[in-house]
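Right after this note come the structures.
Both complexes below contain chain A, partnered by chain B and then by chain C.
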Partner chain A sequence: MLEMVQLASGAKWGFLADDGQAVSGFCMMMIMLILTYYVITRARAGFPIPHIRKIAGLEALDEAIGRATEMGQPVHISSFRSTVDQQESWAFWVYLAHTAKLCAQYDTRIINCVSDEISLAIHEEIIQTGYLEAGRPDAYNPDDVRYMSNQQFAWVAGVIGMLERERPAAQLLIGRFFAESLVLAEQGNLIGAIQIAANDSAFQLPFFVATCDYVLIGEELYVGAAYISRDPVMTGTVVAEDMVKMALFGVMIVGTLLETFKAEGADNILRTWFNY
Partner chain B sequence: MHMFEGFLSADWWQVWLGAFFTLAVLSFLYKENALYRFAEHTLVGGYVAYRVVILWDNTLIPRLRDNMVRDGQWIYLFVLFVGLLLYTRYGPSQYAWLARYPIALNVGYFVGLRMAMLPRPTMVQITAAFRNLWVTQDGSFVFSATVNEWVIFITTLTVLSYFMFTLARDWRPTQWSGRLGRYLLMVGFGASFGNTIAGRITLFLGRADFLLSEWLKIGG
Partner chain C sequence: MKRELPMLLALGAALLRLFLELSHYQRTEMQWQLHTNQWWAFLAATAVFIGVINLCRLHMHRIRRKVAHWQMSAWCLFVMASFGLYGILLKGPFQAGNQEHWFRWIFDSVLQPADRTMFSLLAFYIASAAYRSFRMRNLEATVMMVTAAVLMLNQASIGPMIWSGWGDMAGWFMDIINAPAQRGLAIGIFLGSYAMVLRMFLGLERKHLGL
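This part shows the complex of A and B:
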C-alpha cells in the first residue's frame, strides 16, 4: 500500500527523485553554482574579491622543502586513497604540482607513493609537468613515483619501509587517510622528518595533530589548494563557499530559535523547507 | 597440546605463517631489517597480484564473456578502447597526450556525481544543527539535555566560524569565535584519539593472543 502511494506521488517538481532533501539540495546546488560562477567571473575580470586568510601549515610547506634541500635528502608526499573519485585527490594534485615544481627548482628528489593505478598515471604526469615548468625535465625520475598496493596495510608497510631506508627530510601527508595515518606519521616522526598533514577526516585528524609539525584541518585542505595555486577559479570557489557558510550560520541561529520557541507538537517551518 | 601438533598440515602452516609474519613485522620496532623487508615485499607483492586477479576475474572476463560475447553489448568495445588509451603514455611520445582522455572522462564523471550527491547530506546536517535550547519533558525542565543542546549549538557555530576563511579576524567577536572553535575541535580530537588508541590496544592484544594461544599453545 505504502509503495503504491509512493509511486502515485511521482517525482518532486517533475524531475527530482521523491526523496527527502531532493528539492532543497537541488536549490542549494543551484545557489552554489550561480554564486561560484559570479565570484569566479569577478576574480577573472580583475575586480576585488575577499582575501583568503593565511594558514600556518601552508607557510611551512616551502620551509619543509627548503630543509630537505639543505640536508640533501628527498621529500616524500603521498595521499593514501588518491583515487580520481575523491575531492581530496583533486586538492592533492595542486599540492603535488606545487611541491614537484619547488623540488625541481631546488634539485631535491620527490618521492610519491600511490595506491591506485589510474592515479599513478596522473601523478607521473603532474610531477613531470612540475619538472618541465622548472626547466629541468631531465631531472625527473619516474622511479620515484611508486605504486605500492591498493590495500591499506600493504601500502603502509611499503611506505614505512621506504621511509626507513631513504629517510626523507620532509613528509607531506595530504588527502585521504584511514587507520594507516598514525603508522605513517609516527614513522615520519621517528626518522626526524618535518611533517605537514592535511586531512578532513575527524577520525584521523587527532593522529596527525599528535604527530605532525603542522596540520591543515578539514576544509583548510581545500582552501590551501586554492591559496597556493592562486587560481581565480579555485579562489572564487572558496569565497563563494564562505558566503554560503555565512548565510547558513544565520539560518542555523534562526532555525534554533524556531526550534526552541515553537509550540509543543508544532513543526519547525525551516526544518520542513530544508527537508523538502 | 603443543605447538607442533598437526605438523605440516594446512592448519599448522596457516598458524606458523601467521606467527612468522607477525613477528617479522613486529621486528621493525627494533629496527628496519631483512626479516621485516621480506614481510613487507611479500605483502605488497601479494596484494598487487591479488589486485590483478580480482580485476581480471571481476572486470575483464565478465565484460568480455558476458556483456560482449553473450549479450552482444558491443558498446563495451568503446570502453575498452578508451581504457587502452591509458597505455599510450608508454608508447611514442607524440601519442602520449591521448592518455589524458580516459583520465579526463573519469575525473569529469566523478565531479558531476559529487555535485549531484553532496547537497543532500549537507541539508541533513543543517537541520540537525537546529537545536532546542530549552528541553522540557512532561512539562518540566531537563537540565542535562539542555546543557547538551547548548554544547552542540555553540560548538557547531564556533567551529563553522573557524572555517570561514575570508572573515576578517581583526574584529574581536570573530577572533574569539574562531579561537573557541579551534579549542573545541582540539577537545573533540583528544576524545577521538583516546578512543581510537584503546581500539588499537585491543588489536595488539588480538595479535598477542594469537601468538600465545594459537601458536605457542600457552593458556587459551
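This part shows the complex of A and C:
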C-alpha cells in the first residue's frame, strides 16, 4: 500500500497518467457521467426526455416469438462468447430475460446454447426468473439451457445439429460472434427460421446482414436493453450517449475546418487538446 | 441485501479498475495490485471448478431422468472425467504443460482436425450466402454487387491482367466509403457500451442478477 503513494514523474493534473489522451479521456468520461446523472434525474422527476426511435429489429422480436408460437416450434437464442467479462454478454442477458419472459407468456419453448460453463448457471437463473415473472415457473425446462462446448467449432457443430433436429421457428443471435456467425445464420436460413441478429463487430456484421431478416448494428445491441425496458430512467442513459455523440460529431466538423483552414505550421488547438 | 451486495461489489470493482486505468499510479509497481491479480487468477480457477460442478449437475439430472439422448450426457461426463484424470495422473495435479504423447495425440490428431473441418465448411456457407446477397434484385443489391466485384477483381490474380486500375478503385472504396462508415460505427459502439456499463454501475441494469 505504501508503494501506491509514490508519485510517478510526469503525472498530468497531479493524478492522471502521463499517456496521450489521458486528460481528454477523463474529461469526456466526466461529461458523460454528469449528463447521464442530469437526464436520469429529469426522468425520475417526471420531466419529458427524448424517446428512442423505433428500431425494426427490436420491434420484430415479439413478431418472431409470436410466429414460433403459431407454428408450435421453439425459439433459439444464443450468444457464442457469453463469458462474464464481456460487455456484449451483459447486453445479451437483457435480451435473454425479455425473450424468456415472452416465451413463458406465450407457452413457447426457449432453447439457449451456452459455450461457457461458468455462464451456464447465470443463463439458467435468468430464464427461470423469466418463467417465474410470467407466472409459469413449472413450465421452465432446464434441459433447454444446453452447454455445448467451449471450443468454437465444436459449439457450432452442436448448435447446427440442434437447429436441424428441432427446427426452431425463430433464431436470435445476439452478442459476440466470430467465424461461426455465418455457419449459424446460414443454417437458420436453411431451416426457414425468422432470424434477428445483434452484433457490434464490423467483421461479422456483413455475414449477418446477408443471412438474417433483421440486424441490430453496432450500438443498437446496447441500446436494445433500454429500449426493451421502456423505462425512462434506462432511456436516460441512451439520451446522454446521443448528446455526447452529437457533440463529438460537432467537434469533428470544427476540427476538420480548423485543420483545413489553419495557417501553415500552426497548431490545431482541438487536435492538441484531444491528444493531451 | 441479496440485491445490494452484488451491486456494491460490482461498483467497487469498477471504480478500482477505473482508478487504475486513469491514474498515473498504473505505472508504479503496486504490491496490492499484484495481490488482486493473484486473487483474480484464484477466483477464475475456482469459477472453472464451479462450472464443472454445473455441468455435472445438469448432465446427471438428464441421465437420472433418462431424457432423450441421455447417452450423450453420459458420454460428455465420461470424456470430461477421463481426459481430466488422465492428464492429472500422468503428471500430477500441480504440473502445467502436459506433453505426454497420447495426451497430446488426443488434442492434436482428434480435436484439432475436427475443428478445422468445421471451419472449412465456412467456404460453402459463404458461397451460398454470397449468391443470395449478390442477386441484383434492387438498387442496393446492385451497388453491393458492383462494389464486391471491384474488390474481388483487385484481389484475384486475373484482375490486373484485365485492367490495372482495379487497385485504385478498390482503394477508393475502402478508404473513402468504408473507413468513415467503420469509424462512425466504432464511435457509436464505444458510447453504447459505455452507457451500458454505466447502467450496470448505477444498478439500473439487474438482469444478470436474475432480478
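The criterion applied here is as follows: the second predicted complex is superposed on the first by the 265 of 276 C-alpha atoms of A that agree within 3 Å, B and C clash if a C-alpha of one lies under 4 Å from a C-alpha of the other, contacts with A are read in each partner's own complex, and residues count from 1 in each chain.
Definition applied: a contact is a pair of C-beta atoms (placed from the backbone, for glycine too) under 8 Å apart; a residue touches a chain by one contact, two chains touch by 3 or more.
Treat the numbers as computed from the prediction; the structure is a model and nothing was measured.
Shared-chain residue A:R53: touches chain B; no touch with chain C. In the superposition on chain A, contact is made by A:F207 with both chain B and chain C. By the touch criterion defined above, A:F274 lies against chain B but remains apart from chain C after alignment on the C-alpha atoms of chain A. In the superposition on chain A, A:G161 makes contact with chain B only, not with chain C.
Shared-chain residue A:A121: touches chain B and chain C both. By the document's definition of touching, neither partner reaches A:T41: not chain B, not chain C. Residues 22, 25-26, 29, 32, 87, 90, 118, 121-122, 125, 147, 151, 153-154, 157, 182, 202, 207, 209-210, 217-220, 223, 238, 245, 248 of chain A lie in contact with chain B in one complex and with chain C in the other. Residues 25, 28, 32, 36-37, 39-40, 43-44, 46-48, 50-51, 86, 89, 99-100, 102-103, 106-107, 110-111, 113-116, 118-120, 122-124, 126-127, 129-134, 153, 156-157, 160-161, 163-167, 169, 185-186, 188-190, 192-193, 196, 200 of chain B are the ones touching chain A in the complex. Remark: chain A residues 19-22, 24-26, 28-29, 32, 50-53, 55, 84-87, 90, 118, 121-122, 124-125, 147-151, 153-155, 157-158, 160-161, 164-165, 182, 202-203, 205-207, 209-210, 217-220, 223, 238-239, 242, 245-246, 248-249, 251-253, 255-256, 258-260, 268, 270-271, 274-275 touch chain B in the complex. Against chain A, the residues of chain C that register as touching in their complex are 22-32, 47-48, 50-52, 54-55, 58, 61-62, 67, 111, 114-115, 118-119, 121-122, 125-126, 128-130, 132-133, 182, 185-189, 191-200, 202, 204-205, 207-208, 210-211.
Of all residues in chain A, only 1, 3-4, 6-8, 10-12, 15-18, 22, 25-26, 29, 32-33, 36, 40, 87, 90-91, 93-94, 96-97, 116-118, 120-122, 125-126, 128-129, 142-143, 145, 147, 151-154, 156-157, 179, 182-183, 185-186, 189, 200, 202, 207, 209-211, 217-223, 225-226, 231, 233-234, 237-238, 240-241, 244-245, 248 touch chain C in the complex they form.
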